[in-house]
Structures are given as C-alpha cells and as structure tokens.
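In the part that follows, the structures are each spelled out as structure tokens.
Each of the two complexes below includes chain A, the first together with chain B, the second together with chain C.
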Partner chain A sequence: MTSSSAPSRKALSKIACNRLQKEMVEWQVNPPAGFKHKVTDNLQRWVIEVSGAPGTLYANEIYQLQVDFPEHYPMEAPQVIFLPPAPLHPHIYSNGHICLDILYDSWSPAMTVSSVCISILSMLSSSTVKQRPADNDRYVKNCRNGRSPKETRWWFHDDKV
Partner chain B sequence: MATEEEEVAAEVEALQAVYGDDCLVLDSYPPHLHLHIMPRTADVTSEQFVEAVIAIRASSQYPKEPPQIELIDSKGLDDERKKLLMTCIRDKAVELSSCLMLVALCEEAVDKLSQMNHPDGDCPLCLYPLVQEDEQKKILRFMKLMSCFHCFHCECIIRWWDWLQTEQKSNPIDSLSSTVHSVRTNEKKKDGGAEDSIGNCPVCRKVFHTKDFEHVLDLVGSLPFQLSSAENEMEDSEKLRHSHQENIRRQRFEATFKLQQENCGLIEPKKEVRVLPGMFLPLPVTPPTSAETEESHEQQQEGDPPVASEMHTGASSQMPNTTEHRNRGMRKQRAQHNSRRPGKRWVRRENGSA
Partner chain C sequence: MEGGLGESTSVPPPQSPSCSGNGANDAGDFECNICFELAQDPIVTLCGHLFCWPCLYRWLHHHSHSQECPVCKALVEEEKLVPLYGRGKTQSDPRSKSYPGIDIPHRPSGQRPETAPLPDANQFANYGFGFMGGFVPMATARIGNFTLATAFGGLIPSLFNIQFHGFPDATVYGTTSGFPYGFHSFHGGHAHGFPQPSSRGQQADNVLKNLLLVIGVFVILALLCW
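Let's turn to the complex of A and B:
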C-alpha cells in the first residue's frame, strides 16, 4: 500500500479517542445503510465497505473506504480514500482520492464518520456517468510520493454530482 | 354585539401592553396575531435555550369558538417538544372556551416554554449528552450560540474556537490546508469592518460573532480548565485550588481587597511586604493601576482565586492562575480590538479617498 499509509501517524489525542469510541458505539447500534465497518482493533484507521445503492450506476458493486483519523480529530478532518479499485466516478481519482469539499475545506467538527459516509454514497448515487476526472493522470502522477489528499488544494467547481 | 367587539379589542390592547414588540397584531378584529415567546429567564439570554413564534387566529365567533393556534417558527425545540407545546396551548384554549382567553393563552405558552427551557440531545462536538455528569459527579457546562441556538459543551466549543485561532495563525491564507473558517475570518479581519465575526456554527454554518461567545468567555474563567488543555492539567488546577498554599493566597487577597474597599478602591501594596531583603521580586512590579483594581474586584466577585496576590509570593505563584490570565488576556485583547477600531476605519477611509 503506497499512498494509503502515508498520513502522519501521530497517536490520537484523548479527546479524539473518546469521540471515536463514541462514534464506534453509535455505528454499531445504528450503522448507515449500505455500509459495513470491518472490525479491527485499530481505532485510528477504519476500513468501511460501501455497497452501491440499488438503482444507481454502482448497484451491486462493493468498494472499500479507508478512513484515517488525525491526532486532533474532530477538529481536523479525517483522511478518507477509496482502497483500490476505486469506483469510476468524475470526482474520484484512480488512486482513490475523493474530491469532496466536506473532506477538506468544508469539514466541520460536527460531522461524523457516518455522515461523511452518507455524503460519499450520495455523491456516488447522483453520478450519471462512470468516468475518471478529466485531470486524473496529471493528478495521480503528482501524488506519486504517497501524498495525502488533504495536502491537495482542491477546486470544488461542480455541485451537480 | 358591539360590546363584545370592544371587549376583544381591549384584550388585544392588553396583550400589546404586556408583550410589546413581541406581539405583532395582524388584525385587531377578529384578532390575528403573532407572538414571539421566550422562556422566563429574567432576560438572561445565555440561559435561554428555546424560543418560538406562535400565531393565534380567532374567528368572528371568538370567544365562543377557540382560536386557531399554530407554531410558526422555533429555535432549540425538537419535534417532541414542539408538539407538546402546541397541544398544551390548544388544550388550554378548549378549557377556557367561551371566555376571553388571549392573555391566558399567551401566559400558558410562556409557562410551558419555560418548562421546556433546556437543551436537548448530545453535544455535536464530543457526541456525549449535553446534560450529563462527569466522573466527579459534576455537571459539565454547556452553552449555546446566540444566533442559532445550537448547543455545545463550553469546553468543546471553546476548544474548537481555540483551534480555529491557532489554525489561523499558523496557516496563512495561501497554506494548502487553510480551512473555510480561517479563510473567512481572515478576510473579515482584513476589511476591518467586521472583525467581530469569528466563525461558523459547526452544525448549521451560520456565521457567529463575538457576541455569541461573550457569555462563555466569562464562564471560561470559572471553569477548571485551560484552553486547549489536557485533562490532567485540569485535575492539577483543581487540586491547586484546594491546596493549603492557595488558601493562604486567597486570604491574602481578601485582606488586600478589604484594604482596597477601605481606601475607596485605591490600593498601594504595603511597602514592608514588598521590600524584604533577599526576596525575589519579579522585575517591574507595577503598582496596581485602576484597570487592574477593577479586574481584581471583578474576580473577587466571581469567587475566583486571586491574581493580585502574586506580588506577595513572588516567583512561586504562576500556575494556579493560568485560567485567569488567559481570560484576562482575552478581555484585554478584545478591549484592544475595540480601541483599535476607529483607527482602522480611519485608515480605510484614507485609502478609499486616495
């Protein structure tokens, strides 16, 4: 795994730990529809299975999201990427990086893993075409040294998909 | 018939007299009005967690027929409480049927709303219940943003606020990871006019201002934690508050305060205390200015550990007052902010004309 294991692995703060434990419990009681959390003992990295919603381009397809939490979660956004193979989508790069504003500039500490997952599924569901972003090759080449998507300066131009 | 109409008109007038601007009369006969209701908190807005606007619309058959009552707008109320509020008022209307009831209905509405005046659910930042006891069986303090009534634990929202501030300092605008919040606040600061806008509500992204925070900044001083502090520091400061040394410091402060009262607010630290031979004096020991006197007065009223006694105990005294210092620092900062404002405006105008 190259780009996926790159984020600076500073241990979670106590506050981040408490909050994530709470989110974990909440998830177990009430998981968002279409998602399965793959149980590990690593609180700092969640791997989540996403099932494409029925009636959309991604129906019957299963993908994996990897969520890495920074030391100061939830002040800082988690890093969320698709593990290969990433779904074909105009906002998802072939290296799994996702162009979605709430993961970067528009992150708010009131968001949760669960709400982020729902946003990603809704982004998938509203897609009308299965294709890579226009600048995929250039972007992926730029990220080759295991750069985190959080270091990308994203332009959020499309609010349709 | 005419007398009945007069009576109803008098009732509407009475309502207007009681509720003033909170009562908007759309029609005086048959009465149709909007009432903005707030819980009874003796106008302490920081203790208000709910508010609502209800519409009361009577027909020409009023008071034989009870008026229609609808909820038009509300803040801080979940669906359950909204429903309960409406049911209570409507039940009251049925109960009072055929009497003039507008005033009684409004009273009922305010009563019920006052009973519902508590925040509900979990803190959106830590996800633990807003109203809960921590390990020491103490209730965590919570606060609400004044503009949108979203509630958070004080500790949580201040931690976040503090985070935004540091983020802003360490990440200049062109930094790769600058957040929406910091960018916005930076921009605001630049144009000078709206410096008091400090961020967006984490829940609804509504911009909030310093005024949203002022009531919490005051609370910070009385909270046993330091901004962005770790939990163990919290315990330490708690222990310190009860330590023997701290008690002595408190007594000394009380003595100084008494002296201050006797001398009409002006105190001069006693000379012999200050110049003991061999005593370490942190250099410039500034005689208390009038501003400082005011502040220490304030702190005394809040029942907080003293700052002024620092000069007696010399070097050993820093830690226990860190919260005070922070708080004081913040107040000062804000004061400076304000005092700088006119200057900035002037500069701006100058630029405009140039």
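Let's turn to the complex of A and C:
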C-alpha cells in the first residue's frame, strides 16, 4: 500500500460507504458458509463469527474475526485479525494477526469481505498441525505498541498452508 | 442495484432468495468490479473485465503494485483498454470528483478501424458499366451526382422511361431499385417495359391520392355544416 494505511479510524469515503452497504446486503442475501456477521450499526468495523469446517482440525471451534475498513476501501485492503483467542495455526500469531498475502500485497479491489472470509477458512482448513508460527514471540513483541498487521513487512511462508 | 440504498444500513427485502450474490442480476453484468456500481465511463480490459474508468485509473496509478486486472490478474495495458459507448450520455464524469485530490485524465478513446467498404459497390459498378456500354455517359450526365451504385442501378429504368415516354417523375419509377428490369429494358428497348415494383408503387400512390381526396371532401363538408 503506497498511501498510509494509518489509523483506520478515518471515516469511510463515500465510495467506500456505498460499496460496503452493497457488500452488507449481499452478505445478508447470501452469506458465505460457516460465517455469521454479528450485526452492529458500525459499517466500518465488522465482527464475524467463523466456525471451523467439519472434518478439519478446527471442527466445532468458533472464532471471531474483526474486519476494519480504511477510508479508501476497496482501493486499500481491510485490516483483518482474529479476536483473542486466535486459532492455533502456523500462519496465525497469538495476537490475532494473520499472515495471508491477500490481506496485504495481494489485495485487489475486486475482492470482498466474503471472499476474504472464504480464503481464511480455507487457510484454516488446510492446516495439518495446530501450532503458532515459528517467529510468534518476536513478532508479537514487536507489535506491542499496537501496530497494525498492515504495517508489517510480511513475507509469505508458502502457498500450501 | 444502482442507487436504492439510503445512508442507513437499511436492508431491502431479499429478492428471490435463491439468487446468488448479485442483488439485481441483470444490472450485475454492468457493474464495475471495483465500486460495484453501474459502471460509469465504462471501460473493458482485454481480459473482458468491466470497470469505471476512474476506479480502474485510481487503482492502477495510486494503489496497485503491478499493472494487473483486479479480477483475474492479467496484465493491463492502458493503451489496450476498450471504452464502452452506450447511448445518450456525455463523457462528463461526476464520479471523478468523489476521488478527491486525484486528477483523473480522460478515458482512453476507442480505436476505430477504418470505415467498412460498401459491400457490393465495385461489383455493381463494373457489371453495370460493362453491360451498358455506350449508354453510360448519357446516364451519368442525366443523373448528375448520383454516383452510388444502388442509386445508379435504380435510376436506369427511370432514365429509360424518360427517354421513351418523357415521364418527368423519376421517383415513381426509378428508386424502387429494379435494376434487372432496368438493364433488360435498356437492351431490349421495350417501350412499355415498366419495372414491376414501380407500377406497384404507382398504385399505392393512387390509393394515397384517393384517400387524401376523401379526407379533403370530409373536411370541406364539415366546414360547410358548421
């Protein structure tokens, strides 16, 4: 992201607002399987419940995603983190940050909250081991000052998990 | 799905519940893949993905790391974008104002191949000239600037008729495009060789005249009765 992904508390632009309303309507008509949007009147922050897919390591577990939208959504990616407790996963840090390329460098404005959710669930589902990333402690310590995952210089481990 | 939504997060009643995603499926085909509105100053990439020009421009120039299509990641070359020109709207774009602080240049214009040639023009001309021999100069002289092949073909019979009958009314006999008749009559020299379409036209003309006459009579009667 070239422009500052600064404090995501800047109000949504008109375009962002319109687009999010459309996404909200679409979600209500056709929510992605395994997700539940917890209704609030805050368009800029969505809290979404994820159910681990049956037959995976996370079956019967429920987690919460918090999605914050920047002023210039969808030109800029939303910030997506797990609220504690975050699932044990090789690409999910204990502070809830998720190492997933589409949330950062590979974001595209044609993606939606719904498509992001599906990617996250598929990332969970394909995991073969419940453990934290190798650099978890170092990374989490670096984020103590409340740094957003969008300010992290991520390098993406691999495409398999 | 354009407009419709107020500022509040009011939820319209779900249209047919089975419909997937796109609220209004018909309009969905013409929604920009970035803002999800009906595309404004629409532009299509070579990979076939539709965007508002301001949306795509802003993405390519201010946010993306590479020149790729937001939908399919195909390479996007600006000089190969295709604008869509629908009916009616001018190119002024109110949306560019809603991307504050960014100057969005004019949408690339279409690349127009040269005008298609008239389908049979040469064929007819050649055919006609070869066939008619010495009559051509006279024909062109009389026709003046009717140089189109169809008009040419169509006018032959009328010239013919003018020659032999002195009918000044070229339109009645001429423009109903009966060149087979025309050519034949030239060669055969039948004095009464009217092209058939023409006589039909004449009949129609007469019917029309009669109709007008009747109407005229009615009008006069009406006036008298008042």
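What we mean here is this: the second predicted complex is superposed on the first by the 153 of 161 C-alpha atoms of A that agree within 3 Å, B and C clash if a C-alpha of one lies under 4 Å from a C-alpha of the other, contacts with A are read in each partner's own complex, and residues count from 1 in each chain.
Note that in this section a residue touches a chain if its C-beta (ideal position, glycine included) is under 8 Å from a C-beta of that chain, and two chains touch if they have at least 3 such contacts.
Not measured: the values here are computed from a predicted model.
Steric overlap between chain B and chain C is present once the structures are superposed on chain A. Of the two partner chains placed around the shared chain by superposition, neither chain B nor chain C is touched by A:95.
By the touch criterion defined above, A:14 lies against chain B and chain C together after alignment on the C-alpha atoms of chain A. When the two complexes are overlaid on their common chain A, residue A:110 makes contact with chain B and with chain C alike.
In the superposition on chain A, A:151 makes contact with chain B only, not with chain C.
Of the two partner chains placed by the overlay, neither chain B nor chain C lies in contact with A:127.
In the superposed pair of complexes, A:66 makes contact with neither chain B nor chain C. When the two structures are aligned on the shared chain, A:29 is found in touch with chain C, with no touch to chain B. Once the two complexes are laid over each other on the shared chain, residue contacts for A:43 go to chain C alone; chain B is not touched.
Contact comparison for chain A: of chain B and chain C, C touches the greater number of residues. Common to the chain B and chain C interfaces on chain A are residues 14-15, 18-19, 22-23, 26, 72, 74-75, 105, 108-110. Partner chain A is touched in their complex by these residues of chain B: 124-128, 159-160, 163, 176-180, 183, 200, 202-203, 205, 230-231.
Of all residues in chain A, those touching chain B in their complex are 14-15, 18-19, 22-23, 26, 72, 74-75, 104-110, 112, 150-153. The residues of chain C lying in touch with chain A in their complex are 1, 5, 7, 9, 11-12, 14-15, 17, 19-23, 33-37, 49, 55, 58-59, 62-65, 70-71, 73, 98-99.
Residue ranges of chain A in contact with chain C, taken from their complex: 1-3, 13-15, 17-19, 21-26, 28-30, 41, 43, 72, 74-76, 105, 108-110.
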